[in-house]
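Labels run A, B, C and D following the written order; every chain starts at residue 1.
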Amino acid sequence: MIALTHEPIDCNRVLASVASNDVGAVVLFLGTTREFTHGRQTESLDYECYPEMAEKKLHELEHEARHRWPVIECHIVHRLGTLKLGEASIAIAVSCPHRNDAFEAGKWLIDTIKQVVPIWKRENWSDGTTEWVHPGMGKP
Amino acid sequence: MIALTHEPIDCNRVLASVASNDVGAVVLFLGTTREFTHGRQTESLDYECYPEMAEKKLHELEHEARHRWPVIECHIVHRLGTLKLGEASIAIAVSCPHRNDAFEAGKWLIDTIKQVVPIWKRENWSDGTTEWVHPGMGKP
Amino acid sequence: MIVRVKLFAVARQRAGIDAVEVELPAVGATVADLRSAIVEHCPALADVLAHVKVAVNNDYAADGTAIDAKAEVALIPPVSGG
Amino acid sequence: MIVRVKLFAVARQRAGIDAVEVELPAVGATVADLRSAIVEHCPALADVLAHVKVAVNNDYAADGTAIDAKAEVALIPPVSGG
């Protein structure tokens, strides 16, 4: 199950959605907004996405994870819009019969999402400047 | 922070306790009660512990995790008493600046807890029999 | 044919608009042709283009990928979600 | 001296009680002596003892570890928490 949302992520709902009597292990990953990056202070972050492609890629990654590991349920939610410090930009919950699979699948999902899903964040620095983050691109 | 509790684990509270503005990644692991083990059906599980030693070992493992990885907050809760199917027996939440550390620390904690912390589960099978689980001991 | 190219993040910021339209040959146009057309007609995007992938119909596309009149096309700067 | 040994899980189940008391020499007693005393005086625990670790003062203890009159002693069957 995947979702893109402008609302704060409800972790309890995400966890409830991956529960079942076959589940022995749940791994939940949350990516959260840090205040300092290389010494610069963040005021807030904005996330934007290419909705059709982001949904397609997230679906493909869920499918691939289910193919690679014995995933019982998988729920990925990415937040969009303006995030305050400490808020979660992404929640990935994976449930499996056994824990190694749940850890591996959760790790692979966040690593791969960060490489291929068309979502971008903009740093709104506390000095009033803003900056789109594009890894490997240097200062645009 | 560590806790042994007879109450259901409140995951939202556990997650809230590891949040901070320095956190970039949270990994929450839940161990949950499976209905079937090698084809046998579980009705419920009972967990008992040696409280003084379990608390000491959990504190030592939290300390060791903080020594090995840049852990910001760590919260381990183990449930005791009778658990229904699907309920969480353990919640481990680790927050770090970056995700690799959070995954590694969470994985190491659950792997090591399962080796050294004096907590035991008893299977209450649906056929009415009960059985303490002691890995490597064979049928007692 | 006129192809509409969706823009995001720094590409949208540079162009000052969320999509640009470029003219491509109606037959045989490829992603490489699209890149050339953008360099020529959208100079504000020229220097980011080297770092940007092209998506055709919601998949990443190599330079040889064909673009037809019904294709949905977008520029994808390096992603930073998660 | 009399040493009280806490029992858990299958060890408690076998003994039918949550602790047993064994007599050990007041000076120089070790975990190995404790194991021998349990085999001799608590036959119900004899066959699980090979699989059980001994904890002294809340740490796992080797056979050579000393046990004094104030030591907190427990048998730890293979753990299955988590």
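The rule is simple: contacts are C-beta pairs under 8 Å (C-beta built on N, C-alpha and C of every residue); 3 or more make two chains touch, one makes a residue touch a chain.
Being a predicted model, the structure only gives us computed values, none of them experimental.
J.: Starting at chain B, figure out the least number of steps needed to reach chain C through touching chains.
T.: 2
J.: Rounded to a whole Å, what is the gap between the Cα centroids of chain A and chain B?
T.: Inter-chain centre distance comes to 24 Å.
J.: Find the geometric centre of each of chain C and chain D from their Cα atoms only, then give the gap between the two centres in Å, rounded to an integer.
T.: 73
J.: Please work out the Cα centroid separation of chain A and chain D, and write it as a whole number of Å.
T.: 49
J.: Residues of chain D that contact two or more other chains, please.
T.: none
J.: At least two other chains touched by the same residue of chain A: list those residues.
T.: Touching at least two other chains: 31, 110.
J.: Which two-chain combinations touch?
T.: Between chains, contact exists in these pairs: A-B, A-C, B-D.
J.: Flag every residue of chain A that touches chain B in the complex, lowest number first.
T.: Residues 11-12, 15, 19-36, 85-86, 88, 95, 97, 99, 102-103, 106-107, 110 of chain A touch chain B in their complex.
J.: Which positions of chain C touch chain A when the two form their complex?
T.: 6, 8-10, 13-14, 48, 51, 55, 58-60, 72, 74, 76-82
J.: Taking the complex as given, what residues does chain A use to touch chain C?
T.: Against chain C, the touching part of chain A is residues 31, 47-50, 52-54, 56-57, 78, 89-90, 110, 113-122, 132-137, 140.
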